[in-house]
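Presented below is the structure to which this report refers.
Chain nomenclature is as follows: A, B and C, assigned in order of appearance, with residue numbering initiated at 1 for each chain independently.
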């Protein structure tokens, strides 16, 4: 705003910190980030430690305790199985928590894969422009125009899904969005004077791309990628639900809910309870992601 | 004049994209393990017979030849025939291989054309629901950044975006349909069957609209011409409704273009849960049955739809903001 | 005029004891203190103040456009006798109707998605609902014509982005005057415009003042402009009115020390103290940079398919070692494109650029990188030109690393040495540049450029973002570095006073061409091209002008570099145009004593020296 020039005292004192650090502290100061973080840490710790310490094997069947409802619901609940058991008497809580582990593992790795591929494509496309850009962007458009899920289920449906293949397929299906965002930010950075300055100093394209532009454009994109971890976790659960995710007996949110759907009428908790866990985890991640996104917009908009 | 050349250019680019997509899918389906003929013929069919069928169908020719044939057919509007579905509807295959049914396999194009209107109905209703939920919340949030409406938009969209569609579908079906008996849920027997799936889909789309709108409305409200409009003597209503909303519409349009594939992804899962006879259910069944021609056809048709929707989006965007022509 | 003219001798606007404060971090600071003045109907009052004096806050206070953390804490603003501060509804009812405002940023002032005409009508009917849409349209087109927008009828239907900055500012003036306001607040309206365009706008404003009998409060930061524009000038300093006099008296007999200082510091163009460098370099040696018939075209997508923008054409000049060479021109004259060619960032489409006898335009990219050690660029924007995430020390060491000079320790020492040489505290070595002022940033830029010990430094508007005092300090620094290291400078600038002060030889550019290349004195006292005279006539100065705007000022705007007319590109605006100008494009021709100009009129009288003397 033009009239702030005339009131220099008004502008917040410029702290001499890197942008990434400023985004973190800005996000951390918000309520939503704190809520998200607390919930997330609790869930994460439970996912790591509960199955280990409770000694309950999520795949162990116990027909005598089958279809036990969650605590406080219906007849025959017990504290041994706080979230009840499924049709084979397996403990729902430990199943959900183990599912959460896989979900997080796949969500995070997938996001890293798609961020890496997308960032690289976008960096080359946006920096070199011209025919490099045309070829890469046509490829991106083509990839973007096939709905990600169709691509994923096609590949996983006709081959056998394993954890690495799921990560690879989801990651490869998701990169185009990053390539686009990256391309446009690289393009705008490339026009800036400091890039011209570096060129005049004699820096090579490689040096400008990787040591000057990439460190500038990657953090803001990477912060927002947190939101995609959640998106990818949903995706993983959808695949599991369709039977194309990590295969049973390994419990995942998707295959638990798909199983539970068959018993919806007499054991509603099998399908719904793990979902509550998933929703809680996703909400906590999304809150943190939204806080980071806002912090980024605020810092980039104001600087 | 401008529109004609724009359309020509974009349609040409679009055709290239569709071609590229078909090439990718085509290759992909042929390099992944799993022989569709085995599936078609059934596990009991003798090896020689399988080779015979594959030979007859041209599946043992080099990929580029198969692709050439396929594109040739595509140009004449022929997307091939389903491997497993007979013309009358129910799927065949499995153990009872019967050579006679092959001539009566359903045309891929017919299968898509029959189910697409159902999906369109679902998607449009979902979009209407989503806009009804998201526009007021998003605009309100954008007008008061940092205040309650903005927080509300943030929390609501964070929760909505965290609800996996299949789980929400199950929960809503359980509550609204099974317990409360308000809405029908499974299958399709009239328009009422579209409402519940559309609601679930709307919840999936709404957060993206809310976020885009809060950001773009807040951005536009911070711009100089809005700031100065009050000094020029315009009323607040004029400023918001004639200027701010119009200017924030472009990012929203772009969102709809880019998130088209997300919408389709949602449709797919939701149709599966609600057993809603649309394109999504067709896709899932095609994948489960390894019905390659059908998967290919669906991918190509959706890619074409994506291209067309993006052309329309860009046309609308230039109509709103003439700078984009340049 | 809505106002009763019977009261015209009474004040239209009277401000009494106006105080505006700013609250930040719990502290309250006065931005404006006890401002009082009167403005009579039809009067033009200029308000001058440097940045930070509170002049924009004053403008905003008068149009009720202050928002937190700014607040009016006391005083009244009486408009025809009623207080705007106390009665918000009254102020609101006047906004845009009786009190109009034009700001300094015409580019973003209208909605980009609506035609200019529609927005003018919308505004008029918002404040005057009784006017029919047809009448409003008729009036808008009439006024667009009145502010000399060519083919107003057609441009009424165009969008804001299709207008140039100067044309858009005319539109904003129409927007302000369309409701026949009694008072116009003009806040820095010429600031973003080129000098010749700004001079046109000023002239227009005075004419409109006479025709529409609107009182004008003209706020600006340039004393010459303020004196030109207003009947009286009010000087604002640190939030207070320090003096108010008629324009002539203010310059002749300034009362306040601040005003005196302001006048003294004002750079002059013709006053006869020593100007520029009067030791012209030895022209017998090899030129350090030699530019021969250079041209550059860019392809764009125009309305009718592909089009070529002729950004640079026929540029010719030599720069000799130890020289201070200036390149001046207004926006769009091709300075930036030429800069990209000179620095080897792009290659020319025609002609050649020699650096110490080696053709830069044809050097291999490897050779070019090696050559870069010897010619360096200092960029215009102090904020955008530094990588935002690197510490000052590593910014300085980067060029050494790129060229593989020295080891870690040696680089560090050279960086520290360069910092102290340009006057940056060495303790800043590990800090990010975010905390530096614009002047400090430019020092850092200079240090970065000179750390490679180049022979030629190209300064791209390096000083234009700095205030007068800081400019002076940096110029002194440049002089000292030149003496120590024997640098040659090329200054690219739009600021005539700066090149007058610093350069020994100056090239004037218009529409991609060098229209005149002359020694400093010659250019300012005997320019050979009508465009140079127009530039001089429009330059903001308090001196008696050697070239009067009435004789030299240009009408209209430069033609588009896409479809250039045949003949001289300046013909469409030239006051002395004759037949030949529309047929042939004049080449740079010598006028004797190393002065060259591209004009038929001048070459007739020119001396007989050869072109590359």
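By definition in this document, contacts are C-beta pairs under 8 Å (C-beta built on N, C-alpha and C of every residue); 3 or more make two chains touch, one makes a residue touch a chain.
Worth saying up front: this structure is predicted, and the values here are computed from it rather than measured.
Trainee: Where the centre means the average of the CA atoms, what chain is farthest from subunit A?
Mentor: C
Trainee: Which chain pair racks up the highest number of C-beta contacts?
Mentor: Answer by contact count: the chains A-B.
Trainee: If you average the CA atoms of subunit A and of subunit B, how far apart do the two points sit, in angstrom?
Mentor: Whole-Å distance between the two chain centres: 22.
Trainee: Centre to centre, by mean C-alpha position, how many angstrom separate subunit A and subunit C?
Mentor: 49
Trainee: Centroid of subunit B to centroid of subunit C, CA atoms only: how many Å?
Mentor: Going by mean C-alpha positions, subunit B sits 52 Å from subunit C.
Trainee: If a residue has to touch 2 or more other chains to count, which residues of subunit C qualify?
Mentor: In subunit C, 103, 105 touch at least two other chains.
Trainee: Residues of subunit B that touch two or more other chains: which are they?
Mentor: Answer for subunit B, listing residues that touch two or more other chains: there are none.
Trainee: Where in subunit A do residues touch at least two different other chains?
Mentor: none
Trainee: Okay, in this complex, where on subunit C does subunit A touch?
Mentor: Residue positions touching the partner: 22, 24, 29, 31, 51-57, 60, 69-70, 103-105, 343-345, 369-370, 372-373, 376-377, 379-381, 384-389, 398-399, 402-403, 431-432, 434-435, 445, 448, 452.
Trainee: Within the complex, which stretch of subunit A touches subunit B?
Mentor: Residues of subunit A touching subunit B: 1, 32, 138-139, 141-151, 153-155, 157-160, 177, 227, 230-231, 234, 237-238, 241-242, 253, 257, 261, 264-265, 268, 271-272, 275, 278-279, 282-283, 285-287, 290, 294, 297.
Trainee: Which part of subunit B faces subunit C closely enough to touch in the complex?
Mentor: Answer in residue numbers: 223-225, 228, 230-235, 238, 242-243, 246-247, 320-323, 326.
Trainee: Which residues of subunit C touch subunit B in the complex?
Mentor: 63-65, 95-97, 100-101, 103, 105, 108-114, 122-123, 126-127, 159, 161, 175-176, 179, 301
Trainee: Provide the residue numbers of subunit B that touch subunit A in the complex, in ascending order.
Mentor: Touch residues, subunit B against subunit A: 13, 16-18, 20-21, 24-25, 28-29, 32-34, 154-155, 157-159, 161-167, 170-171, 174, 178, 215, 227, 258, 260-262, 264-265, 268-269, 272, 283-284, 287-288, 290, 295, 298-299, 302-303, 306-307.
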